[in-house]
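Two complexes are shown next, each including chain A; its partner changes from chain B in the first to chain C in the second.
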Partner chain A sequence: MAGSIIQVATTTLTSATSNVTLTGIDTNDAYMVTGVGVGVETNIREVNMRVTKSGSAQSDSEYDYAYKGLVSNAVFYNVSAVNQAFIRWDSDLGTGTSELSNFIIYLYNFNSSSEYSFGTLEEVNVNHDEKASGKAGGFTHTVASASDGVNFQGESSSNLLTGTFTLYKIQS
Partner chain B sequence: MAGSLEFVKSASGSTVSSLSVTDCFSADYDIYQVTITTLQTSTAANIDVRFIDTGGVVSTSTYDEAILILFSNTSFSEIRSTGVTSIGGVSYGGGDTYGASINMMVFNPNDSSSYTFLTDQSNAWTGVLQGYKGIGVEKTAQTITGINFFPSSGTITMEIEVYGFKVV
Partner chain C sequence: MAKTLEQFTTECTSELQAKRDSSDGIYKQVNNERLPINDSDFAQMVIDCANYKLDVQDNGYIKARQLAYGSVQDQLDMQYWDSVNSTTTWADHIAKVKSDNPKPA
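This part shows the complex of A and B:
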């Protein structure tokens, strides 16, 4: 029997890069993005994300997001914002060997020309302070047109240094 | 077309002090999904988790955790710890037959140069519905080969299935 989670695209970094793009969303199925061992080149930098349309990362101020921040050494906190230029991870990664981010993102309605693109995120990292933390929440790009992928980049022009990013289709 | 989520291994136990899935993490995958069903405990108890390396269950003070407990009848609460001997409270057993379930993602267990990371989501019946949303990290750069679950007291009954996300 054929499986229902089908790989669409993947990128594994072998050197520093300004951004990673995964495209190939072209059906009304839900999709899933995984990230493992994602690291940044500059200390205390986040990973930011945008949706792509026709392969191009959308830099408009149309991103809303809301997360619960789970922190191993402090009180949990809320992250929320509207009309932003990107979806912000708020992970403050460092440059230590294991100061990395790992995540699962589910993407919904991306292929719709009349609905917003939505996603949920669960993420776990060790930050620049060598403490474990994570995020649980969701985001949307408030433009009613089809999106075909996602783009990741480091905060404030920091390069991404490591990681394997993979896009899967959850086939109906 | 073959799917990218592949079954790796399962384990089950009835009224045991702990349950392990050994040799389930390998270089074949970087991300694993661990599902637990039919979870019951002999008495009301937290469900804790440890990883397994080549020397056995890792019980050193090398775990960090952060878990949000979502109560259906009262305010939510937080579990947060650094440098502890397990990831504690990923779920709960009510000491009855009504059950609980857990879904986990484990990242990079086989990479000897990386820590091992997990995310956790579960729900349980404790007389009321309790949900759990959390993260944990075993902060030793080493190869992890398996996973171990145990109750904070009493015995546990559960079924564990491990799947790997294939990347080609």
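This part shows the complex of A and C:
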């Protein structure tokens, strides 16, 4: 049989929620997590991310990431950091109409107990200035142990308000 | 006056505890199950909140300046015309961006 995409977990927010966890990564396939219509409760906040191990979000300072910020009304910018406690997807979302984030993150090597976990991101949003922006880049969690999912939080412990988060397995 | 991480931690603990104790509560969603946060979640939220506030206080001016400087192309254009017209448009622009977004003392 040819490869297929299999839904592993999904959740849709219907009210304010501090964080969202999707787990179920238990094979060596690549996985993909999507966020559609992700909105925040507080103006000028973004969605941050962590990997989970045995269901627990990892807040160790082991995240390295780099990406390009693409902004429709300003200069493109670079973001890079090492040894961070979370992955910061700099979006500066607002609370106005359609000020939402939409993304696909591909997850690699998560099930490996002897390698780092990797991911790549493509994102588009309307930010708090009502301008289209997005980003493209990637991250690693530099701990050589298996990760079983992802966790999303509102920046500065603010709530996420809307969005559908779905984890898929890309079965080879 | 700049606050310390400890002061922000106290501030965040108070803010988040009030939120947790309110009728809204603080919830998390795990694989489509909605659950109240536990003490471990709360402790992490306090850390995240305090670190965010400290970062904004100490480093917020950097991003603000990056966005306000404008593109390298635009800045080079300003410098070219400054050289032609003996003006100080570029230097004035940079000075204004810096004064509008001051580095914390």
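The rule we apply is simple: the second predicted complex is superposed on the first by the 169 of 172 C-alpha atoms of A that agree within 3 Å, B and C clash if a C-alpha of one lies under 4 Å from a C-alpha of the other, contacts with A are read in each partner's own complex, and residues count from 1 in each chain.
Basically, contacts are C-beta pairs under 8 Å (C-beta built on N, C-alpha and C of every residue); 3 or more make two chains touch, one makes a residue touch a chain.
Every value quoted in this text rests on a predicted model; they were computed, and no experiment measured them.
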| item | value |
| --- | --- |
| Partner chain in contact with A:Phe86 - chain B first, chain C second, else both or neither | second |
| First (chain B), second (chain C), both or neither touched by A:Gly24 | second |
| Contacts of A:Gly119 with chain B and chain C, given as first, second, both or neither | neither |
| Contacts of A:Ser59 with chain B and chain C, given as first, second, both or neither | second |
| Touch count on chain A, higher of chain B and chain C | B |
| Which superposed partner A:Gly39 touches (first chain B, second chain C, both, neither) | neither |
| Which of chain B and chain C A:Thr10 touches, first, second, both or neither | both |
| Partner chain in contact with A:Ser156 - chain B first, chain C second, else both or neither | second |
| Chain B versus chain C as contact partner of A:Ala74, first or second or both or neither | both |
| Overlap of the chain B and chain C footprints on chain A, listed as residue numbers | 10, 12, 71, 74-75 |
| Residue numbers on chain C that touch chain A, as the complex places them | 12, 16, 24, 26-32, 34, 37, 41, 44-49, 51-53, 66-67, 69-71 |
| Footprint of chain B on chain A - complex, ascending | 2-7, 10, 12, 34, 36-37, 68, 70-76, 97-98, 100, 102, 104, 122-126, 130-134, 136, 164, 166, 168 |
| Partner chain A, residues of chain B touching it in the complex | 1-6, 30-31, 64-68, 78, 80-82, 105, 107-108, 111, 113-115, 117-119, 121, 133-137, 139, 141, 165-168 |
| Sites on chain A touched by chain C in the complex | 9-13, 15-24, 48, 55, 57, 59, 71, 74-75, 77, 85-86, 153, 155-157, 159 |
